[in-house]
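Multiple structures are listed underneath, in structure tokens.
Both complexes shown next keep chain A, but they swap its partner, so chain B is in the first and chain C is in the second.
Let's turn to the complex of A and B:
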């Protein structure tokens, strides 16, 4: 037992938690007489410093094997995922400073930091107990963030739905974990993999895997466990939605891909050929197909921007699950690249919504009409995000889709479900392009409903987020190997 | 003897669990939950897991169910009790029962429910001292994380339940 080693591996979490406590203390001691604006900016500055310190912590923790008897693992995936999560959290915090009007600014920033600590711990966890607790640390923070806006009943509804679904899925996950522990006698992933390889398939193992996948489906917002997503994306404060849609996704996929491949890899089965073999891969393929179909077709019927983004998130979860399927063969590069660039584009889209909502109401797609006149910066960045989500070259979204589909087709060609899923996803990309273009048409072509409508003011903080994410999406699209070479 | 005790406790637990679902009065349902937990604690005692049985009684039967009762009495849930079951919940329960029967029969027919090798599970020990030692050395990190979990829950309760005078002061 080497506690110093543990502390070194947990430097990012320590920085984030200390930052959260500092933000609270500072607000309680100096913020009492200040205006809400000043308190928000003070909290955001402390939070940003904590996130930057956590980035340095993650870099200095470096790459090592199992830490503290296998509780944590610091491999390339941990490092990349931690840095990605921290960057997305930084963008969320900056956006909070620019657009949010909160009644408890310091508490909001503190809970965002706690959630980020949960995400970074999820990225490193290698033991079922720590994995579950990290997941709960993040989830509990996100429930609170979803219900933070007490002046809107939709926010409370979103928080309640998210909490009830989340609690249910946590119960499933814990039941699955306890069955796995009962089968293998260990809560550490390497030993579990060793035991599973020795034991082979059994009904109890299938039951455990189904339960773990239910929780995975909830975290990824994959159909049929997606019911919370539209209400949460629509009802929660915009910055909370941005965090839930981006950093939480990245951390969740990192955790579950680590559970599934290195942990339950011997029980994976196969989807490369039509006959396949039983395991969790066929189940993930079913989830993926259901998400692709439901997400893309349900998005067509939406008139609310945030609900549309939620259904498109479900469709993207389908592609990400395909990325999980190919991770065993093609490595983690395609999946990580896809989820990270998806997070960037989503956070950008939510930044646009946040700025527009700040200037007036924006719930319907038609409210975006004439955005190119009212704010060229917003309209231009919005085009970059949506085209990246739709997968138009040379943006990052195109390359993400391309690598995932290529890897899926490499698995077994068109002989098995993996290839069929890739074909389905390619076909449904055309459907997705339609609803993204409907939004873009409103923003870029349609004239404003009221010709004299005032320009939308863009706060400096929000402008940083917009320009940074748009630039990064273009650069990562041009040089994808920067990320792919990490793995 | 052990067999008889096991079946007695198991039947008692299941009967009380059914009582939780069927009871229309929320207070009675909570009391059934308490008895069901006592039954589970009895099963733990039979497995020589005395500490676990004690914790179950202390934390769940003691604290959690008492909280349930508090909340039930605070909310005064008489209205909801009168509604009974609707048609849709009847269909849902029949569907769920079908799934359950299919699942269990699959286990019975195809299952080779091998008992896992008891040597696999590293015995943490049933005595409190050994347990506490493990908790603060091997499982130090989870304990810390739970500490922060409680802090977040507290923050959340304060933020979400604090009453504010002017609700439109920030609009």
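Let's turn to the complex of A and C:
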């Protein structure tokens, strides 16, 4: 037990928490006499500095096998996931500075930073207690962010729904953890894996795995645990939705893939052949198939932009779960690349919605009509994000899908559920392309509903987010090995 | 009377968990749903303490202290959300919260 070592490993979290407290203190002491605009920008600058400091902290923490007796692990996945989450949090903060109209700007920034601290801790947790605490720190912050806009009843309703589903999934996770602890006598993942390999399957273990997977399904917004996602994406403030849809997803997948493969790997079972063998892999395959089908077909019926993005997120969760299935065989590269580039594209799409909403209304898909005349920059970037989500080469979304499907087909060809899922996902990509193109048609082809509609002004901060994400999506699509060779 | 065994404790915690779960699913008042959620957390707490006692390790007991803290934080956030909602909608019944629907 070495506390200095622990402190070095937790540098990013320390930087984020100190930044959050500084933002609050600054606002309380100097902000009272300032305008709301100035307070927001001061808080965003402090928050950005904290995130940058956390990035340096994550880099300087380096790679170590087990920290503080195995409580945390600093491997390549931790480093990549921390940097990815911090980058997505930075984009969210910058977007907040550009577009948000908040009555309590410093509190908002502080809670974003607390949530980010939860995400980075989720990326490093290697013990059930730390995993649970990190998950709760992130979740509780996200509930507050979802309900932050007290002037709109939809925001509070979204927060309540998110909170109730989230609280239930946390209880399931906890009960699953307690059963795992009872079965193996340990809360540390390496010991749990060691014990599970000796014990083999038992009914109690199956129950524990189902409970953990319920919580995973909630965090990933996978069907049938997706019910919160459309309401939260629609009702929450745009910036909060962006964070919930991107960074929270990346951190959640990192946490659960670490729980499932290094922790519960001996109970994985198999989906490579048609007969398979019992374990959690067949369950994850079922979640993946349900999400793919429900997400893609329900998205066709949506007329609200944010609900459509939510259902497309459910469909993407299906592909990500396929990435979890192949992670045991092909490594974490495909999954991480897919989730990270998905997060970038989603945050970009929400940035477009935020900017359009700032200039007026952006609820229905038809509200995007004539975006190419009202703001060519917005329309161009929107096209990049949606085409990346749809998986059109050479954008990053295409390569993400390609690596995941290739790994799934490598697992056992078409002999087993993994291969069938890949085929299903490829077929449903055509459905997905349809609803993305419906949105793009409104943005790029249709003339504005009102010919005299004013151009949409793009604030400088939001323009940075838009251009940065669009560029990154193109560059990562052209040079995917930059991310893939980390693993 | 024979002393309670590990199975008894796990059974009770499973029953508590199930009561909480059905409470969340079936009740219509947000506050009662909220209490049921807490019951689910308490059920896991009981299981953890029992396992800790019968495994002979302290990890489960330490876990419980953190769960209590997290549950308190969760109550604070949850009640704040309910208050914010009540101010806007003047109801705590979940059936009436349906503005967000397609």
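Criterion: the second predicted complex is superposed on the first by the 487 of 487 C-alpha atoms of A that agree within 3 Å, B and C clash if a C-alpha of one lies under 4 Å from a C-alpha of the other, contacts with A are read in each partner's own complex, and residues count from 1 in each chain.
In this section, a residue touches a chain if its C-beta (ideal position, glycine included) is under 8 Å from a C-beta of that chain, and two chains touch if they have at least 3 such contacts.
All values reported here derive from a predicted model rather than from experimental measurement.
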>> Quick one: is A:185 in contact with chain B, with chain C, with both, or with neither? Answer first, second, both or neither.
In response: both
> Who does A:174 touch here: chain B (first), chain C (second), both, or neither?
Replying inline: second
>> Quick check on the superposed pair: does A:437 touch chain B, chain C, both, or neither? Answer first, second, both or neither.
In response: neither
> Is A:101 contacted by the first partner chain B, the second partner chain C, both or neither?
Replying inline: first
> Is A:66 in contact with chain B, with chain C, with both, or with neither (first, second, both, neither)?
Replying inline: neither
> So, does A:467 touch the first partner chain B, the second partner chain C, both, or neither?
Replying inline: neither
> Regarding the shared-chain residue A:157, is it in contact with chain B (first), chain C (second), both, or neither?
Replying inline: second
>> Once chain A of both complexes is superposed, is A:234 in touch with chain B (first), chain C (second), both, or neither?
In response: second
>> Taking the stated contact definition, name every residue in chain A that is touched by chain B in one complex and by chain C in the other, in rising order.
In response: 129, 133, 136, 140, 143-144, 147, 150, 159, 181-182, 185-186
>> If we count contacts the way the header does, which residues on chain A are in touch with chain C in the complex?
In response: 128-129, 132-133, 136, 140, 143-144, 147, 150, 152-154, 156-161, 163-164, 167-168, 170-172, 174-175, 177-179, 181-182, 185-187, 230-231, 234-235, 301-304, 307
> Residues of chain A touching chain B in their complex?
Replying inline: 1, 3, 6, 10, 17, 36, 68-69, 71-72, 101-104, 107, 110-111, 114, 117, 121, 129-130, 133-134, 136-137, 140-141, 143-144, 147-148, 150-151, 159, 181-186, 195, 202-204, 207
> In the complex of these two chains, what residues of chain C are touching chain A?
Replying inline: 6, 10, 13, 17, 20-21, 24, 30, 33, 37, 40-41, 43-44, 47-48, 50-52, 54-55, 57, 59-60, 62-63, 66-67, 70, 73-74, 77-78, 80-82, 84-85, 87-89, 97, 99-100, 102
> Of all residues in chain B, which touch chain A in the complex?
Replying inline: 103, 106-107, 110-114, 116-117, 119-122, 137-142, 145-146, 148-149, 151-153, 155-156, 158-160, 164, 167-168, 170-171
